[in-house]
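Below is a structure I'd like to ask you about.
For clarity, chains are labelled A, B, C and D in written order, and residue numbers in each chain start from 1.
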Amino acid sequence: MSDENNVGEDNETVTGIEAPIYLKYNFTAGAAASRFLTRIKEGVLTGQRCPRCSQVYIPPRGSCAACGVPTEEEVELADKATVESFTIVSIPIPGNPIEPPFVVANLVPDGANISVIHLLSECDNAEVHIGQRVQAVWKPQEEWGYALDNIRYFKPLDEPDVPVERIGKLPVTGLEG
Amino acid sequence: MGQSNMKEIAIVAYQQSDCVSDAGAANEVELIIPVLGKVFEQVGITNAQDVDFVCSGSCDYLQGAAFAFVMGVDALGAVPPIKESHVEMDAAWALYESMLKIRMGHAESALIYGFGKSSPGELPNVLSQQLDPYYLAPLWVDTISLAAMQARLMLDQGLITERDMAEVVARSRRNAQGNPHAQLGGDVSAEDVLAQQTYVSPLRKADICPVSDGASAVVIATVEKAREWGVPYAVISGIDHCIETHNLGVRDLTDSISTRRAAANAGVGDGRVDVAELYAPFSHQEIILSRALELGEDTRVNPSGGVLAGNLMMASGLSRIGEVFNRIVAGEAQRGVAHATSGPCLQHNLVTVLEKGETA
Amino acid sequence: MSQPDVLHQAFELGFTYTRSTGPVVGRFLTELKKRNIVGIKASDGRVIVPPMEYDPDTAEELGEFVEVGQQGEIVSFAWVREPRAAHPFDRPFAWAMIKLDGADVPMVHCVAAEAESDVATGARVQAVWADEPRGFITDIRCFELV
Amino acid sequence: MSTLAAVVGIGQTKYTTKREDVSIAGLVREAAARALQDADLGWDDIDAVIVGKAPDMFEGVVMPEIYLTDALGCNGKPMLRVHTAGSVGGSTALVAASHVQSGAFKRVLTVAFEKQSESNAMWALSNPQPFSTHLNAGAGGYFAPIIREYIRRSGAPYDTGIKVAVKDRLHGARNPLAHLQLPNINMQEVEESFMLWDPIRYLESCPSSDGACAMVIASEELADKAARPPAWIRGVAMRSEPTMYAGREEVNPQAGRDCAADVYKQAGITDPRKDLDVAEVYVPFSWYEPMWLENLGFAPEGEGWKLTMEGATSLIDGGDIPWNPSGGVLSSNPIGASGMIRFAEAARQVRGECGEHQVEGAKLALGHAYGGGAQFFAMWVVGAEKG
């Protein structure tokens, strides 16, 4: 803590304090998240299929939020995806080394029915668009850990755009599948 | 609020997870879903679409992430959207909010759930940050130490003895043997407890509730709806709650004025109390509460073992109501009292009176 | 399917909050900086230390400050055998409710003592000041037995 | 059936970046005391207190209502603490109203607040959790892609958001309590402001404010005898849906549509644009005005932007359905209180006490709040008449 508390104009009256509140936790990834992270450490993107509505969730959270039922069936997904939407961020993220401007996109991997947020790079920011096809650029295998960050970012693919009504509905084999 | 001139509301289902010291990999949704599944099954419904209102209780700081309750919605099957709300309090207060919703005619039934995963943090430290943010929180006075001072006040004034406290613990452990969800049960005598050295003197570790992970859920409904569902129920004949000053020095810590007031408003004294489930995280507090509720020898206190046998923060208050419901529908009691608490040294207390409903 | 690894990771939820104190808390902390302790007079005449901003009975704003003594009496205490990392001592110590001379309501603070047997309800204690008080509750480093 | 209830007292603080002169209790107290004064009541007249605020991590006080009880005159009374993310101020007002509408209480005090200057909302909202990618640059980063999809679908002109940003700040300049006072703001200034999360510019975003808002809600019997004109609560509704599920409609969420339909039905509203005189709607990023115009049924899907561009939502342009005459969330944003401010400003309009930002002759008003990933909704309709 700094020793400089806020004082009034008379330099004597205390008007403010600094209160450092630092709490330590031992975070546990959920069972479904642990499974997902274990597989991504192996370089494989996976989702879970809802037994009721058959939709595939990534990252899986152990339940289908729409149906409120547990999900167990694991589904392997492609590392190709479609841009559902995106933003170009021009401000730094606290504690993140990425330099703005950068593109953060909602991406639906082929075979999944919901988007994940990730970076888009190796592209002209002005050219990024909804329906665009992209593919994961992985870090070197020796750097893989329990994190979606094993994918450094996604980059554009030379494939035709996905019509808006088909975004989020592609099979794992992609647009032509 | 009492039930006079009001629509009668009843508890129709109650389920809780096991109290475990560390739920391991299970996240909050994974803790909630099985409990909700069981409570729906108990009523014979599918999911939250089949009730008119949902309300939950949780605390972000237990696991150290903002918006814990948002994930809870994932467990409900809330598509299409539902009427839903949340209190950053024990879920017993979520039940209170749900009753208002039913009384104003906007619902006939409600699902209430509470959950907490306290194991990831250091709970007494986390709760120290509930205290005055200028005078006490920066000292990191933990909640166990505050309760220890409360116990000493009582010991010094001759209001209790250490043996009285040990007997509360021994009874809790014995009763918990019959509770499959309890974390700490066993054939423990008061002598065994007294043989332990003190931890935060005058408290021994056994005087202090354990830290538990888990969830509990209750379904309430109008009596008409309960009959339509054809499930056994217990009528909520009174409920009230009341808070006291945050300055511990100003309060009479040897008594619980707010519990007395809530009990009077809920009508605790209007009939025999066969069973009472009290949210007493420390052994001496069970004695304070029993006295404030003016419970006699003929009342069974904490037959579940109470929270000394397992404490699901943010759900334990709701579980107390559920436990009394269980005794009534099992035919072990005609009328019972459930108590929930919040804040250091029993600052905020909620009292519910349940009665056996007329046979349908 | 193979069992996943159970993934744990320690993390810290931390921030240094910047609190404005308002006049009542500010006055108390200002006095601490000068090694004085003040309380406030409640509607029923009781002197409350540290000063509350609002009366616990009537809810009225309070404003009549009263300087109180730096010694007082232990009303109750808890002996902490195993201090937590966040605690002000790394050796056994007591938390206590201390009624300062001239105050009617006890305050909670820590008491340094060698052994539990040295501390007792009714014992007299005295404030020990930090070397350089700066307007924070820990300007009173602790109380010690007189 | 629900008992009739009304707002009989309203108190707000002046919204500002940092209230350096008060404690957390002092801030909350100021709004509460003003609400009591407005209602011509004392602390003893209140039967229960209902408190709302967004995540405790903003101020770093766990369940702060426990410490606030003395400041709110709550000792010996019931106190309830609501938390439903950004919609919390609205939800809190609804929970408070339910205390009276249930017939259980005669008169309750409700307060919502945020003292955001104690920390940093950006930190509290994007605090990284282990094992998760940390790319969610605050609320703007979350909502920007949804706005982009709205623009694609509706074909709205690029400057719709700019127009809202100017309009709400000009409204705010008429409200002495509004945080941002920008009476000379213009389209060019907004357009040239820094692009934070494309398509959201700096001046198209809400500020970060300290502030509190309070209301006294009373039963019909007591409201009939109130010191000042009551705002009768004609409809109340809340809806929730999960943050993420396959196929979720994020631009025009079902929960918002259902919530609006419910509250309109209770208030006897069939055409909101025609039947309502004014609306205070939670618009933290400018583009959410056209989006919510559609979601709340003021315009057909895809045409919300037309109302904005025509000036229909502008008090100053003499629009037929002014939105956010107080300046809205774009002018003041103490997060936990923002929803309650919408509800309270709707009530102030039908009480006819808004001065420079009064919608002339307003009789029926909508208060709206949303939160989370635009998944939690709370709304009420208040009227000058009982209905």
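To be clear about the criterion, contacts are C-beta pairs under 8 Å (C-beta built on N, C-alpha and C of every residue); 3 or more make two chains touch, one makes a residue touch a chain.
Since the structure is predicted, the reported quantities are computational estimates derived from the model, not experimental observations.
Student: Pick the pair with more C-beta contacts: A-B or B-C?
Tutor: When B-C is set beside A-B, the one with more contacts is B-C.
Student: Per the centroid of Cα atoms for each chain, what is the distance between chain A and chain B, given in Å?
Tutor: A distance of 38 Å separates the two centres.
Student: Distance-wise, how many Å sit between the C-alpha centres of chain B and chain C, to the nearest whole number?
Tutor: Distance between chain centres: 30 Å.
Student: So the centre of each chain is just the mean of its C-alpha atoms; given that, what is the distance between chain A and chain C in Å?
Tutor: Distance between chain centres: 45 Å.
Student: Indicate the whole-number Å distance between the mean C-alpha point of chain C and the mean C-alpha point of chain D.
Tutor: 38
Student: Counting only residues that touch at least two other chains, what does the list for chain B look like?
Tutor: 24-25, 61, 64-65, 73-74, 76, 78-79, 122, 125-126, 129, 133-134, 137-138, 245, 247
Student: Residues of chain C touching 2+ other chains?
Tutor: Residues 4, 6-7, 9, 11, 13, 15, 17-21, 25, 29, 52, 56, 136.
Student: Can you list the chain A residues in contact with two or more other chains?
Tutor: 6, 15-17, 19, 21, 23-29, 31, 33-34, 37, 65-66, 146
Student: If each chain is a node and each touching pair an edge, is that a line, ring, star, complete or other?
Tutor: complete
Student: Quick one: which bits of chain A touch chain B in the complex? Just the residue numbers, please.
Tutor: 17, 19, 21, 23-34, 61-63, 65-70
Student: Residues of chain D touching chain A in their complex?
Tutor: Touching chain A: residues 20-21, 60, 120, 122-123, 126, 128-137, 140-141, 144-146, 148-149, 152, 194-200, 242-248 of chain D.
Student: Mind pulling up the chain A residues that touch chain C in the complex?
Tutor: 1, 3, 5-8, 12-29, 31, 33-35, 37-38, 74, 146
Student: Which part of chain B faces chain C closely enough to touch in the complex?
Tutor: Residues 24-25, 64-65, 122, 124-125, 128, 133-136, 138-142, 144-146, 148-150, 152-153, 156, 198-203, 245, 247-250.
Student: Can you list the residues on chain A that touch chain D in the complex?
Tutor: Chain A residues touching chain D: 6, 15-16, 19, 21, 27, 29, 33, 37, 50, 53, 55-57, 64-66, 84-91, 93-96, 98, 101, 104-106, 113-114, 117-119, 130, 146-149, 164, 168.
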